[in-house]
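To start, I am sharing the structure in question, which I have written as structure tokens.
In this document, chain identifiers A, B, C and D correspond to the written order of the chains, with residue numbering beginning at 1 in each.
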Amino acid sequence: MATPFDEKGDVDPAAIRSNVTRWVAAGVRGIVALGSNGEAPLLDERESDAVIAAAREAVPRDRLLLAGTGRESTRGTIDASRRAASLGADAVLVRTPSYFKPRMTTDALVAHYTAVADATPIPVLLYNYPAVTGVTFAPDAVRRLAQHPNIAGIKETTVDAAQIGSYVDASAGESFAVLAGSAPGFYAALCLGAGGAILAAACVVPRLCVQLFEAFDRGDHGKARELQRRLIPIAVAVTSLHGVPGLKAAMQLTGYIGGPPRAPLSPASAEAVGSLKSTLQPLEEFL
Amino acid sequence: MATPFDEKGDVDPAAIRSNVTRWVAAGVRGIVALGSNGEAPLLDERESDAVIAAAREAVPRDRLLLAGTGRESTRGTIDASRRAASLGADAVLVRTPSYFKPRMTTDALVAHYTAVADATPIPVLLYNYPAVTGVTFAPDAVRRLAQHPNIAGIKETTVDAAQIGSYVDASAGESFAVLAGSAPGFYAALCLGAGGAILAAACVVPRLCVQLFEAFDRGDHGKARELQRRLIPIAVAVTSLHGVPGLKAAMQLTGYIGGPPRAPLSPASAEAVGSLKSTLQPLEEFL
Amino acid sequence: MATPFDEKGDVDPAAIRSNVTRWVAAGVRGIVALGSNGEAPLLDERESDAVIAAAREAVPRDRLLLAGTGRESTRGTIDASRRAASLGADAVLVRTPSYFKPRMTTDALVAHYTAVADATPIPVLLYNYPAVTGVTFAPDAVRRLAQHPNIAGIKETTVDAAQIGSYVDASAGESFAVLAGSAPGFYAALCLGAGGAILAAACVVPRLCVQLFEAFDRGDHGKARELQRRLIPIAVAVTSLHGVPGLKAAMQLTGYIGGPPRAPLSPASAEAVGSLKSTLQPLEEFL
Amino acid sequence: MATPFDEKGDVDPAAIRSNVTRWVAAGVRGIVALGSNGEAPLLDERESDAVIAAAREAVPRDRLLLAGTGRESTRGTIDASRRAASLGADAVLVRTPSYFKPRMTTDALVAHYTAVADATPIPVLLYNYPAVTGVTFAPDAVRRLAQHPNIAGIKETTVDAAQIGSYVDASAGESFAVLAGSAPGFYAALCLGAGGAILAAACVVPRLCVQLFEAFDRGDHGKARELQRRLIPIAVAVTSLHGVPGLKAAMQLTGYIGGPPRAPLSPASAEAVGSLKSTLQPLEEFL
């Protein structure tokens, strides 16, 4: 989920609750607060807690609330993860540390996530996002971490079919879910054994994402592939093309509360908004 | 197919015929002469012709012989493609020019391939290999070129699920095949609509590749996914891990005629050969 | 400067003061607290303040204390910069936001740094570190920002001679210093017009760095080039080769208080320490 | 030097002789035929020989004629180098093989260049161009190859000050010249110990390049730095900005015979030509 700000630029808990309520009604399995598209790196610790608390109020107990709690230091990550648990999150989603990339070997990642999973009272999900972090999990790192009883899965944002498959294979036999993190690769990931997805586009067209998953789940590859094709343009528009500003603009266009992003991000241009409108037009049935 | 050399380092036509005969018996749909794994960039023009001629003698008319004929210049590519046609090739596989990468815009690629397809009496396949060339087809380039009556498909070597899907979507409705060019992404590419594959690993375990395709073709996703999992270690070993020297060593280990590569490539080390042996061991049923 | 931690893993103000006192005695012009090599991304806000306060106690008023205050959000950066000013820093060094790299256009960077420079009572230095951030200043961004009366320079960590020269040229005529940020490019940067350097290696061999600068300053290119040659092995060892763990180990070997890094970083291996010892041996005259 | 083609698109020996005569009159030390900017990868073997022969007719014996003879295979490179020698070249410039990049280890490069230097009757220069090839010489490769009596230097196209310096240091004491291959880094390379340069921009503003070198040579750093600043815009325009098409257009604008490039390259657009005109305007004194 994106994080809406009020007119003063502060976190807007009422807007969060309103958006979450609509997404839940659309049938999503859960909500991720404080992911990349939630502008988590732009919030301070106090604000982060407020976002989780607001989301929890609106996410019913039969759905999942995940909270992004990755920090650069192991101790900071543990601290944020424990706070998230105490605020009612069901699991934490922890991106790889990235500032000291060349030191983030498999051993370092295993030590980091093991320490976090040991210290956190709720399940931990790994989060692989090399386009941003410059760090990626080797399949062997996934194999080792999947054996930890408190590590429940990985969000994989690449669309590398070989890598997605390797994560599935590396964690076979463990209670561990590979989740697609990039909408254009959602269907392929499901074919390869992914158990679901965490997608920015689901903030705008949640029904399309849910229907794609359900089509695949009942073995209707043709329908799933067709929905995949229809999902791509809006997914690209709210990520690589227009980024978080585009995501928030698209939310505004579809009845959610988006609002402006926080600086140094700037609002989507009028041109971008026009382009988003066109991209959304053929998707009305999913809004 | 790899290109075997004799003791003096020259192209060995008898060895080519021997290998091709075995691959054909294993059930492959066709043979690619002068691909990257055929060390094409290391052969001169006269040698290239000899390879095609030798392969044609052993490829029966009900199978396909493709010849790699990409050169840096459009005129050189046309010349090589016409010669390949006159030597009996069924189609040519043309890698993107790459030396002047920043100039290889969509317009430049469309002009290049259109000129080649116009001038060549047999069908042309595009060949996308950005890891080597630093050039990649935008989906729009594929869309435009797929409309050419003499352009029949693309070999796509990446494992980027979004890109493979975009090529399939961009050429929908045309007589145009997307072929997987990387074994670890074979199954995913098939799910996304690829019509087949051109794989280095098929030089060593052709039956495994053919069975994977057949399993998918009859709708047995579970079997196809399982064969995909088994294919990966040997596929990685004969490409990214040990390269052409590893491919030729693996061929030697499985009864084909591999022999040493041409300098500046050097033969696989004893350690690499040992590792290849272990990798091949669990695949005996496919040799 | 590196940030030493005590046995409990907390910031050690006494160790900071001790190190700073020695560096100042070695003749450096100033100290940077909370840079990359200060593990700034691994400290929380309260700890960051403690580091600046401790450094200020030991940096005499005729030397400069710079504080790293870059955060992902503009508001977070302003807040940290104002606190640094109130704690006695002479200037702030602000790395580019990087999480939302594709949005960090020249306009976005100009807006971000203008807002920070407007709101901060002490001079602001830009910090270009694309190897970590994936973001780089176009020369035009430097040209525009150099005109701001409260932006005093840039730390440039690449060794790209064309870029270093372009920053010097883009800021010609302004009160703006280009500072080398990578020891292996120090001499070349001086030739191109850099006014100094901020170097990890200066934590270990400050005298060597100072002598190189002084040799260049008096026009002795031969001596400067020779000192550059001698500087490279230790500079590489405490940055790209062994990272912050290596820097801290080398400090320990040369009489400073280094200590272990904070997780997810792990201490330099015994092998790395041995290698650092050998690298330091021919530099005894500069310790 | 660029390679002019006649109206039928064939190599134009008369135009080569005309251009070379003018460049020689401008004071350059030598001419490189069949470099990247000579569109060497777009010529066949017979054409390559014709270019060398034509250039030799116009290069007086007191200047140097270098010929680009790099091919992907060692045997092809040896063959081309011997032919160049027999056609009167004074030395050959051999780019790294690149198609099988991951195999181009230091050992492989040392073996390749040693074989070429052993078999070629004229001196061999290494050619490092990673932006095109994806292959780069480690300093240790330069150190080993600089000891070969028939390897005389390296053209280094990067502007990486650390790497240029490392090549100079690695070959210290040998009869081996490091030559700058990128105009924006020319002055910095000279400071670091380069002995000259091979520059595309010298096809257009040879006097500017020569004067920069002479200013440095007589110790006038200020003048050299100033000329460097003036050289950059045209150098960028005829390389990264507009490529070989731009180089040929700029030659046409300055009285040389440029003509169109060979496909898949296409001629510079009218807009590019207009921009080149403006870039050349302040350089009239050097034409």
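By our rule, a residue touches a chain if its C-beta (ideal position, glycine included) is under 8 Å from a C-beta of that chain, and two chains touch if they have at least 3 such contacts.
Note that the structure is a prediction, hence the values are computed from the model and not measured.
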Most distant chain from subunit B by Cα centroid: C
Where subunit B and subunit D are represented by their mean Cα positions, the distance between them in whole Å: 34
Distance from the mean Cα position of subunit C to that of subunit B, given in whole angstrom: 49
Category of the chain touch graph - line, ring, star, complete, other: ring
Complex contacts: residues of subunit B adjacent to subunit D: 9, 36, 41-45, 72-76, 97, 99-104, 107-109, 111-112, 115, 132, 134, 240, 243-245, 262-266
Footprint of subunit D on subunit C - complex, ascending: 159-166, 169, 182, 184-185, 187-189, 191-193, 221, 225, 228-229, 232
